[in-house]
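Below is one structure; the comments refer to it alone.
Per-chain numbering from 1; labels A, B, C, D, E, F, G, H, I and J assigned in written order.
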Amino acid sequence: MNEKQKNKLPVFCSRLFEAKVERGITFAQLGEKIGRDEVWVAAVFYGQAKPNHEEITKLADALGTNLSNLSDFNDKSFFPDKGGLVEVPPTDPLIYRFYEIIQVYGYPLKAVIHEKFGDGIMSAIDFTARVDKVVKDGGERVKVTFEGKFLPYKKW
Amino acid sequence: MNEKQKNKLPVFCSRLFEAKVERGITFAQLGEKIGRDEVWVAAVFYGQAKPNHEEITKLADALGTNLSNLSDFNDKSFFPDKGGLVEVPPTDPLIYRFYEIIQVYGYPLKAVIHEKFGDGIMSAIDFTARVDKVVKDGGERVKVTFEGKFLPYKKW
Amino acid sequence: MNEKQKNKLPVFCSRLFEAKVERGITFAQLGEKIGRDEVWVAAVFYGQAKPNHEEITKLADALGTNLSNLSDFNDKSFFPDKGGLVEVPPTDPLIYRFYEIIQVYGYPLKAVIHEKFGDGIMSAIDFTARVDKVVKDGGERVKVTFEGKFLPYKKW
Amino acid sequence: MNEKQKNKLPVFCSRLFEAKVERGITFAQLGEKIGRDEVWVAAVFYGQAKPNHEEITKLADALGTNLSNLSDFNDKSFFPDKGGLVEVPPTDPLIYRFYEIIQVYGYPLKAVIHEKFGDGIMSAIDFTARVDKVVKDGGERVKVTFEGKFLPYKKW
Amino acid sequence: MNEKQKNKLPVFCSRLFEAKVERGITFAQLGEKIGRDEVWVAAVFYGQAKPNHEEITKLADALGTNLSNLSDFNDKSFFPDKGGLVEVPPTDPLIYRFYEIIQVYGYPLKAVIHEKFGDGIMSAIDFTARVDKVVKDGGERVKVTFEGKFLPYKKW
Amino acid sequence: MNEKQKNKLPVFCSRLFEAKVERGITFAQLGEKIGRDEVWVAAVFYGQAKPNHEEITKLADALGTNLSNLSDFNDKSFFPDKGGLVEVPPTDPLIYRFYEIIQVYGYPLKAVIHEKFGDGIMSAIDFTARVDKVVKDGGERVKVTFEGKFLPYKKW
Amino acid sequence: MNEKQKNKLPVFCSRLFEAKVERGITFAQLGEKIGRDEVWVAAVFYGQAKPNHEEITKLADALGTNLSNLSDFNDKSFFPDKGGLVEVPPTDPLIYRFYEIIQVYGYPLKAVIHEKFGDGIMSAIDFTARVDKVVKDGGERVKVTFEGKFLPYKKW
Amino acid sequence: MNEKQKNKLPVFCSRLFEAKVERGITFAQLGEKIGRDEVWVAAVFYGQAKPNHEEITKLADALGTNLSNLSDFNDKSFFPDKGGLVEVPPTDPLIYRFYEIIQVYGYPLKAVIHEKFGDGIMSAIDFTARVDKVVKDGGERVKVTFEGKFLPYKKW
Amino acid sequence: MNEKQKNKLPVFCSRLFEAKVERGITFAQLGEKIGRDEVWVAAVFYGQAKPNHEEITKLADALGTNLSNLSDFNDKSFFPDKGGLVEVPPTDPLIYRFYEIIQVYGYPLKAVIHEKFGDGIMSAIDFTARVDKVVKDGGERVKVTFEGKFLPYKKW
Amino acid sequence: MNEKQKNKLPVFCSRLFEAKVERGITFAQLGEKIGRDEVWVAAVFYGQAKPNHEEITKLADALGTNLSNLSDFNDKSFFPDKGGLVEVPPTDPLIYRFYEIIQVYGYPLKAVIHEKFGDGIMSAIDFTARVDKVVKDGGERVKVTFEGKFLPYKKW
């Protein structure tokens, strides 16, 4: 995490990163220890998801750090200011590819979702994201699965 | 498809849409008839994927339209000018949610993909996208699966 | 509706506007006739909400126009490409004031909503908007009421 | 409040936040203590509304902090530099939904307000905003009410 | 008025311009004939102010054109979509100078207005603008006078 | 003045503000003491106008501060880097209204100025700006007067 | 001149271009015939400078075209809407180089002009531009000379 | 030079400015001492031109400062990261006028240069810029001369 | 070529494309026939390079079309308005990759070029671009070679 | 590397630069010592490429610095946040020329690559970049070679 990103996040986020580097532990391992998916755990580190007191305690534990190190975490008043870390359009090639997928397949996805579900959207709130490794034809493939509740447009 | 979008696409794309509305056929049905996924078929309609001569003939067939109606399609010289239909950021709420997912989960996804695969990206070219309907707890959920080849950064 | 906006909307939208001007009827009156709120009716005219076949027939009726006049309306394949009519930031002063309210009161509203509801958002899909006239101290006041389902962030 | 936001606000704003976290008090409770709506109180914290000397003293009291802690507050020369905290378009999903409402319902709202009031605007200055929790059909709904004076365009 | 501007305005606006050129009449002369300031009359021509039926009839008269020529003018449903003709920042040097004045003197004006009036704004709705020619030291000076109601921020 | 603005201005500007707050003196009072209009004085504070050695000495005097406090002021090498404090478009509502006036009345003002003066512009350099309080019909009105030399376009 | 540019200019501009191509005459030759510099003549063609009735008649003459061909030229109401043809930043390499010169030498030029003239600007209105060919060391060099009145900042 | 600019330049640049203010010497005087044009010298100060070891030594001398004060200057590895100090479009009025000249006279200059030289550009690299004071009709005029090698487009 | 692009180019460009599709000939074949590289030929089609009368005649010949079909081509007055077809950043994935290469390797390339050549640039005018197919390890690789004259920064 | 760039990169990057300046060694020399191309080495310095533990050790060695000096380098958790150093469009003239090449030759390159390879892209990941000095006709030319795997679009 660079200085520019730190300026947009609470201090406890960079503390989490430092502890993780020191421990040499992955998001997957952390996820297993606290019973959450690795992507959600990473979202906590990047200040994009809100852990409650119990979850942050477990994380501190798993990282071998002290809760008091995460001094500015406050369960009751920490409601992440989400988004804002990613440039528009993204400059990092890995993140950009997701953006390109929207540029190229945005309308096709919209058309197919409407045909299957009607007028509405896939929720990005009641939502999960997973990353899996698939091996096919001797090569590795990244499989990303987004799943969100279908929300039909209300008429009134 | 509105006028603004038509200005950015070959004429045969709007012809495809007109025939589809007349036939009352879905992308899923079209996909089955020509042996391709519905998202890819929709991508052809939106001028984002390149069908070859055989595929466009099959499509014309399935739509009950004549190939001569798609007068400006030319297998050898049509290489889609991809992207460009979607505003930045997207203004349509369904498409925006995908953009928001990148804003919020972009760095977490990057971190997890690197931990699983090393330094590289998920290809958006050697790539597939699927839309499925999942029913859970009595509600419908949209499941979108992206799968792309992992491309490691070459060193030289 | 100017040419620039027409280019972004289906033809039946401008037909609706023409019929409305000719009839000299308000959105409120139309709303009463078809049993919907005036804001939703206006959203249909601006191509932002999807009426079904029955609703568009009622609208055509109330406007004294013929359904065949709305030739490109198609219940099954019309899924509005929403947003995109409003400049960013809005240049029209009435619309700009809403934008300014977000600029000025965006974070205060976020803070209060989180304190009352927890981590999540007000849905803009399962959502209604109303406009009322309030008379206070001898002056007219515009009262705009937004109501949307609270969607808590899912953890996974 | 992150570093980036602090750079745009007077120091007494971050002092207010720190005291509030320490006290564990909500904007609603603060509002009751000083006789103002919670949204307005939050606007003071985010440097978007101007309290006078009496109001800031009451706030300091309610927060158990000392007025001298809010060293750079000066009733006579503090006129908030409003706006500027929110990205355009907003990146936080909660705030973005308000923006989306303008994108989608901006022109419908404009049309209905004009039909009801004539040519003019809803003031964002002689204005109030409220947040209420509504329970309907067993679910929670966020109700946001904006009320502003109608200002007719002057002709000259 | 160029094509690009015409696309953003109702047809009757360009009709007004054509009649004005043919008549060889100034905005000042038109203003005198209909009892309005020349700036307001020009605002009508540029689709930025709303004349009522009586005013547009007087204008048509003064221009020697027929009301039926202004076919798409409709007192009841024409509520100008204001703004949007001017590039941001303005590219025309005359208009740009106003923009530059805001860039350079924006904060000084804000500071002085607050000192004189308190926390609030100068209304751009209950507002008038005048242009006068002043001769000083043998040179011509443009004097532009903006006058708007002071609107104090409401607390609630 | 916030941190972000300070980064764009010489240090002596923030020193001026601090001294002014301490003294509890207005720009109008300062203007009287040094024989300049309050708007120009405010422009000096915001680093937008260049005082000479005599003027800055008078200002220091009037503020009861020492010239040595304004350590980085240098009459010979200080040529303000003007503009750049105001966001585009402005986010502060008071400043935004001026911007809106340009958006809405920009072309009407241009048309009227050309009709009165010919092809040219109102100078923003050989220019003055005043703020006056006008009381009309029992309400306060802000009157802002811009006056600039008319510069005709040279032909060559 | 392409369609996009034509949409921003009066019709008589494209007529001028057509006549010039047909005649096979240069701006330099035209300039000599009407007694103006070639750059100013080109500015008339691109709708950036205002010729009076006499000048446009001379131009029509020199081009062997009829004034009636320039049907929408009107000396009294044509006040060019200047700027707006050039993208920001310019995409054409020749025009871009001028932009780059500002990017690289903007502050150095500002510093030197202030040292030589004091606080003020070079007018772009009371201004001339020339293009000359210079041959040095056997190579051709483009010499562009801008000359504008120095306008000192007024204090008030 | 403000903090924002300093963040984009090597430290030795601000050292040069400090020494120059202390010495009370102009760019013209410095230029004479080291045998370079004043604009080029100013470009060195703003980190836009690369002096070699000899030139920087002469500069240090002329400024009465020690080369060791310019600690981060390194002839072999300092290749200026040019551009980037000027906002787009420029906010400072003096610099903006150059930008406006491109907006208004960009295409006319392009047309005339092509007519005189053929298809190609004026180099901004093999390039010089001068500022002269011209007195005409009793007034001062700024004369800026750009001269760059003509580079014809290569065909291949 | 879509409508949006056609609006930015001379008519003869779309004529060239139509003839090429009809003939079923590649840029490589055209290049051989007229003795130019295929990339340069394609640049002519996209209105980015200037052919002279002889070259356009050869092209018309090779395409079996008549020069009179390219009615608006004029050797003496056609100086391409270059750039402007590509969105910023590019939305087409193939073109975007080049943009990404600049984002990622821009500063490394700059550093290496300076170390090898000194302070200056690679010309984009005295410049050639080639595309070759390379087969390595059984896979096809795209090899793009840019070659431009080194232009050292002039000091003056 | 300036402060603004440092804020976007890990600390070990600026340490590498400092050591390189002290040693007076080029990227080419470094590349030879560690068996990598100079462009890739420069990419490591600019935080755009990921060295492994062995490579960074070799680099430290070649630079005569201690690995412990590069304290925040961590092979397992350092996955560069690529891109983001270059302004859009680039302001540095050397980097801008590459951008201009895309603006001007982007579509021609796309057309030729598709004709040679079919529908797909040149990978920017499985990719190499080289800089060579070519001497022709007594002048130096910069030769930049990009080579990337051709990735055909997958159909599904």
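Heads up, the rule we're going with is that a residue touches a chain if its C-beta (ideal position, glycine included) is under 8 Å from a C-beta of that chain, and two chains touch if they have at least 3 such contacts.
All of these numbers come straight from a predicted model, not from anything done at the bench.
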Reaching chain I from chain D through chains that touch each other, fewest steps: 2
Option in E-G, A-C or B-C whose residue-number contact pairs overlap H-I by over half: A-C
Interface with more contacting C-beta pairs, comparing B-C to E-H: B-C
CA centroid of chain C to CA centroid of chain F, Å: 42
Centre-to-centre distance between chain H and chain A (centres being mean Cα positions), rounded to whole Å: 47
Distance between chain centroids, defined by C-alpha means - chain H, chain J (Å): 29
Overlap residues in chain B, where contacts from two or more other chains coincide: 39-40, 82-84, 89-94, 96, 100, 103-104, 110-111, 114, 120-121, 123-125, 127
Chain-chain contacts as defined at top: A-B, A-C, A-D, A-I, A-J, B-C, B-D, B-I, B-J, C-D, C-E, C-F, D-E, D-F, E-F, E-G, E-H, F-G, F-H, G-H, G-I, G-J, H-I, H-J, I-J
Interface residues, chain D side, partner chain F - complex: 6-10, 74, 76-77, 81-84, 124-125
Footprint of chain D on chain B - complex, ascending: 89, 91, 93, 96, 100, 103-104
Residues of chain I defined as touching chain B within the complex: 2-4, 20-21, 24, 87, 90-94, 96
Parts of chain F lying in touch with chain G, wherever the complex brings them together: 36-37, 39-40, 49-50, 79-80, 110-111, 114, 119-121, 123, 125-128, 151-156
Parts of chain A lying in touch with chain B, wherever the complex brings them together: 26-28, 38-40, 42-43, 45-46, 48, 82-86, 88-90, 92-95, 97-117, 120-124, 127, 129, 131, 133-134, 139-150
